[in-house]
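Two complexes, one shared chain (chain A), two partners (chain B, chain C).
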Partner chain A sequence: MPSHSVPLTPGLASFLKTLKTNPIDTSIENLISLLKRRQIRHSRSCATATAHLLRSVISACRTSDASKLIERVQSVGRRLIAAQPREMVVGNIVRRVLGLIRDEAEDDRDGDFTLSEAGSESQPQTPRPGDDPFDRSVSKPISSLATHPVSMFSLLSHPDSETSLPGTPATASPSGRLPGHTPNKDIRAEVLDGINEIIDELGQVDDQIAAYALDHIHSNEIILTHTSSTTVQKFLLKAAAKRKFTVIHAESYPNNHEATHATVSGKAPDDDEIISTESFQKPLIAHGITVILIPDSAVFALMSRVNKVILGTHSVLANGGLVAAAGTRVIARAAKVHQTPVVVVSGVYKLSPVYPFDFDSLIEYGDSSKVIGYEDGDLVDQIDVQNPLYDYVPAELVDLYITNLGGHAPSYLYRIVSDHYRKEDISF
Partner chain B sequence: MEQSQPQPQPQSQGQKVSLKPAKPAKQQQPPQDKTAASAPADAAGGDKLSPAELKKRAKAEKAARRAREKSERDLAGGAAGGQGPNTLPGKKGSDAGASAGAPAAKAQKAIPRRGSAQPGSQGGVAVVKKKQEDKTVAVFGHLYGQQRRTTIAGAGKEVHPAVLALGLQLRDYVICGSSARCVATLLAFKRVIESYTTPKGTSLSRHLTTHLSHQITYLSTCRPLSISQGNAIRALKLEISSIDPSVPETEAKPSLCEFIDSFIREKITVADQVIAGSAAQKIKDGDVVVTFAGSSIVKQTLLTAFKQGKKFRVSIIDSRPLFEGKNLARTLANAGLEVQYSLISGISHAIKDATKVFLGAHAMTSNGRLYSRVGTALVAMSAKERAGGVEIPVLVCCETVKFTDRVALDSIVVNEIADADELVLTQPPHQLTDLPDPAAAPGPEPKKGSKTDPSESLAALNTTGSPLKDWRDTRNLQLLNLMYDVTPAEYVDMVVTEMGSLPPSAVPIVHRMSTNM
Partner chain C sequence: MASADSQISKPSGPFDIVATYNELLHSDPDLTMPIAAIEALVLLLTHSPSSTISETLDLLEKSTTHLKKSIPNPIGLSAGTDLFQRYLITTLQRPGQLGPAGDFNAIRAHLLSNSRLFIRRAKESRDKIAAFGRGFVRDGSTVLTNGGSRVVASLLQQAADEKGGPSAVRFNVIYVLSSPKGDIENPTAEPEGMETVRALRTTGVPVATIPESAVAYSLGKADVVIVGAEGVVENGGIVSRMGTYQIGLLAKAMGKPFYVVAESHKFVRLYPLGQYDLPIEQRVIDFKTQEDVNAAKQQQTTATNTSETPRRLRSEFHPDAVDFTPPHLISALITDSGVLTPSAVSEELIKIWF
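Up next is the complex of A and B:
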């Protein structure tokens, strides 16, 4: 382990800090062990770490041969995925980077294709982000301006980078611009730009999702949510700026209740590595939103008064189902029984092309001492204590997904998957 | 924190009455001038109260207010305004807002009664309001009622010591569970009856019921009575009132005690054995039985089945804040059963390989719904909606004494709200890793921090451990601690009672049969 990280608790922050100074192989080992030890564990942290690592990997890779790059990324990606197979975002990011490289390689080979998959890929994305202009202008990344002349891969990796340009319909631009740029362009530079855009996307995905909040939350609504998901909080906060509603917050004991309590009461979460920069935002209660904290058991009792259930997620699967914090499934069921719509907010990066044949393999079991503490040690000897961390929620329990591209029915997700990942990368 | 003695009750009632006539008076009156006497009279007419009645109320109200102010002073102001007064300021505010400006002030002055009533109460309310906003969850406003009693101070002198003790035990969940509360209440009442002597000039059958009502009122201020308690008390009162006044006290008292004993025996002890016996028959070798929280009758059933040599596994689902399943798990594990334990978040995993669900009941309502510990409905629902389409049978074990003629559609109209502070984690989980720290936490914390770095971070963890600590001072944040929920009848396949195993739709019939007997 690198000596720099000693003062820091191992985690995303320490990893990113040491990424620049350490040799690349050390960094890879570092991330693998962090993933294995669950010291980086939230979807976003994993995604950010993976993207940063792959950027270093590619910049350290002294070749412009696409197939060699792909090989290198694949081998790193395989090891990362093996380190923590249940963090599916790691695989998602690796696949997207692979897709970037392949696109570049194809662009190089034939600059004048018009109707391949790449052209159709960007179609569903480009028009959508255009309808949320206020948020975009605030959170516009600097790097996306800097990387303006990148070619069409940016359209698919980072949908909003070119929305400010009016005349860039997907079919017209590539064929028009590419021949001039690509011939002896360094693939690596292009790919690095693409990865930067993925990193940017990870940074602003919550704000993009939040921009749709007013379309989905009406006044005086009673909304039930679960866990301390930042995506959900930002979504609700955005709506809270304009509308008054009530939030019922199930505390998700025992795995996330502390963070939930902190979120609800507006105390800054202490060890939150994901949102260190943004954690100083005002809580919902400061916006005059009544927040009612309930134990998870009271969900059914209250569901008859709830207008909408808004859930965060760990990852979304291609079949429209999702893997989310334990307890989500019961909540979604209860909502279904009461005919309450269930809305899942999730960044596109959580969308995994993996189809789950064995649902049990997706579920991770956590620390059982959170369920029965050490003060009941005698009990632990005698009984089997279980603490599942995740639930698989089937697609039929979800009514709507809201991603940074807009709202989708669960049945449409496969299409977004095919937009974002290339077939050859799905199982690499 | 506050003591909800009988005193605030009449006061708030009185206030409501005094406010009501004032409202129409104000709306009509601004142009008219201070015909002070006629205004309340008008309004009173509208409210169907004769002036004499109104005067009487006002007097009562005044007395109550004085009493309250006195008790307030005694309690150093902390106790001001229970839920009753707390609901009023809103009304008052809107009143004042509606008829803004000088006329309002004039009208206020013009009605001396209200004017005199207001300063006191308003002052008190204002103080309270500054300290804490209304923390009642709006939908459940009707359930908050009185705050639970915190001490035995102020309990009526009629209340028997055994009942006093029972009240505190009920409040602290020392005695918890519908049957246990019922038995404990009956046993306490038996002692009340044993030590009871009929005052001169009344008969036992007349006076004992009122004497018992004092005990019951006290108990219900500690924790709202359970359905089973209510049923038992009703039966006892019926028995008392059926005693011939000519029967001497020395004969009546033993017969009442005998009645209580046989009631406990028939309705609960034997009933439990019968239920456990017939429910245990439903368990087969290889079963995985899921149960929720800690029901005594389910425990008995499982132990009975285990004693019969059946090989099965038990999966207990538990929930915050009571963790009743822990005791059940301990008992079953000690008896040698194979037990799996998870919390409510793990329902879908626990239910995955389950073959039967056994649930206890707080009550069965007349429309066949199961009224039980909050979370039961989630378990029953998961059993019925398991992925793969296989439904797991849900069995409810319930004595007929828990049947009620009340009906319930949702968990909101009828429910019990426990103290929300129970949800605040009092000790952060980190505490146990560093034992000396929490003990010394409040005082020498900074010193410690200067000594060593790790203990400082630990101390910080301890202080941030429960961000809900001061939730009452946090605006717009509410905590809700429901006790029960209502499980739809379609989730329940069978109700096992001492009178046989029934579908939930048979509950009203059985209830009628058992109460008519």
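Up next is the complex of A and C:
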């Protein structure tokens, strides 16, 4: 998060600007070092950068051989993930692109041969009229997962009929692909289209989530939130247009309090990384919403009066748990004690198929000078200061997830994971 | 299964599915109940030259019911028989070369000729699970486990093994040993799981064995609980060796993750609401007055006189008893189709039933 905005501070904006002109390997190196230096750090910025980079990688890759494309994306993906393993969205985007390539490759193979099975299941895929491409990309389960032999029947199935198993309803593949592809269509072009859809999705995800706001925020409710997450802000703003409610905003000292203050007071954040659309947004108070800023320590005391807790997140894990800004677990825990519903808003792109084997390794530690400044030399010498940036919140503390696909119980997330990622890509 | 096959196929009157099932189970210690049930049904089909679909299904239905009735705890095997039946029905309904338009004999031939393949796949699925589950055993962690599950054994074995992955995991195991088989006072056999304990110790994994009464005491030293299961029911809970439920409760109370490893062919369409809702009869809680005890003793002496096996009467506690661990105690199920949350089980079941 560069605080001084010189025209070309390294960050998402400068990266995207140079992506077109730089050779591809330079861009890869560029993004890797941005990730390593944490000059790109918001989930969405990382996701956007990754998607754009992969688009360039694929368009620079002069082959239409799917396995070569997969290999190339995998190798780039591995390097990106190694650069910043805790930024899970990077891996998510890479996996989705891999899934895209695999889908296209399989579609292609289907087109080459098979008139035997195709008539029954895989044909009714005309795009519905009025569907914008973005909508399709979101609601589309990766079609082949359904036809993938995850079924229990894999034990008994015929060795060579494994790919077309029973137990896959015909409705399982509304993939909305454009029909009429020639057998030798250009996989690369299709994949690039798919990546563009992902990029579109990243741009619109907050508005999509905000569309559910009126279902969840009612008049005169008291909502507690935390950090300056734009997803949450948009969500609240959407409801504020129609309803009057009160927001209690925990300031999330010491890592995010400045941004939180700016969000509450409506001063445009001096942060060029959050893409400019947010900066001209009116704050909640301009809509006549009462916003109460409280220190994090007051959360428990106020929780008894809160109707609903709405939280943003850094990433969501396959078991329904989430990794979010430090302090989130305290809030979720306090909400549990008071039986206050906890709602987490998050784009599907933050949902990671990785199962958290080791919770401690997910937590990133930040600049300890934010807790105690270095000018306080005496103290700094003698004590050990730690500043964890994230918290792991277990699934049982969350009541509802709202993604761009709608509201889901934490126990249902596995389903969305299996819709969006291919099993073979989970650990690539 | 060639040996069993040859034994059974001798022309000795009508085919006895119960005997076949038991024989299969005993002949191969690595065979699970569902797979043995599937094998038994395949052998049944070999022996009965039915040529129509409904005849076959009828025969299967009858034999399955008979088999379930004659086995004291049919939960595990019913997973296998259900799977087999559903597979047959869905294959028949599905358009394609094996469908109604196609040749019924083709399916028959496929099933009959591939029984070895099924067993191999079932065993392979254990390796698959072990590969998925390796990540759950971390370096320097302590795993608490119980029972004689072969999947758990293979998972721990593979984690400890250099060849299983990039590097061997160094971990400790706390093995909960159930009370030995037979009479509590004079055990006839060593407790279940001793074999795994020995195998792990040979590989160099430090193993501590504790009695069931020491679980709460020991759990503080454990990082993760991994157990096997006899059957995974529809709500995501498990039917498993008696004692698993209490380990689950304790793990929950202490905030330790509780993982279940089970092959997906153990998923069974059953929705128990609690311990006493399982469709089997277990005389675990048996109230008695002194009068009853005396009566039982009397009966016992007459029984020994008639040289019947009085073990079942005498043993207060059946060693094969199971209990039900409800889904809210389970952190995740490690299966051959991935790491699932308990709620994902019903979906897998729905996929084959509807």
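Everything that follows uses one rule, which is that the second predicted complex is superposed on the first by the 349 of 428 C-alpha atoms of A that agree within 3 Å, B and C clash if a C-alpha of one lies under 4 Å from a C-alpha of the other, contacts with A are read in each partner's own complex, and residues count from 1 in each chain.
To be clear about the criterion, contacts are C-beta pairs under 8 Å (C-beta built on N, C-alpha and C of every residue); 3 or more make two chains touch, one makes a residue touch a chain.
Remember, it's a predicted structure, so these values are computed and weren't measured experimentally.
In the superposition on chain A, A:V291 makes contact with chain B only, while chain C stays out of contact range. Look at A:L214: by the touch rule set out above, it reaches neither chain B nor chain C.
Touch criterion not met for A:A189: it reaches neither chain B nor chain C. In the superposed pair of complexes, A:P254 makes contact with chain B only, with no contact to chain C.
Chain A has more of its residues touched by B than by the other of chain B and chain C.
In the superposition on chain A, contact is made by A:P388 with chain B only, not with chain C. Judged by the touch definition given at the top, the superposed model places A:A13 against neither chain B nor chain C.
In the superposition on chain A, contact of A:I24 is made with neither chain B nor chain C. Remark: chain A residues 251-255, 257-258, 261-262, 264-267, 270, 284-286, 288-302, 304-305, 325-327, 329-330, 333-334, 336-337, 363, 370-376, 378-379, 382-388, 391-392, 394 touch chain B in the complex. Those residues of chain C lying in contact with chain A across their complex are 38, 83-84, 86-87, 90-91, 93-98, 110-111, 114, 117-118, 121-122, 125, 135-136, 138, 264-265, 267, 331-332, 337-344, 347-349, 351-352. On the chain B side of its complex with chain A, the touching residues are 137-139, 319-321, 326, 329-330, 333-334, 338-350, 373-375, 377-378, 381-382, 385, 387, 410-412, 415, 423, 425, 428-429, 432, 460-461, 464-468, 471, 474-482, 484-486.
On the chain A side of its complex with chain C, the touching residues are 116-117, 120, 150-159, 161, 164, 166-168, 318-320, 355, 357-358, 411-415, 418, 423, 426.
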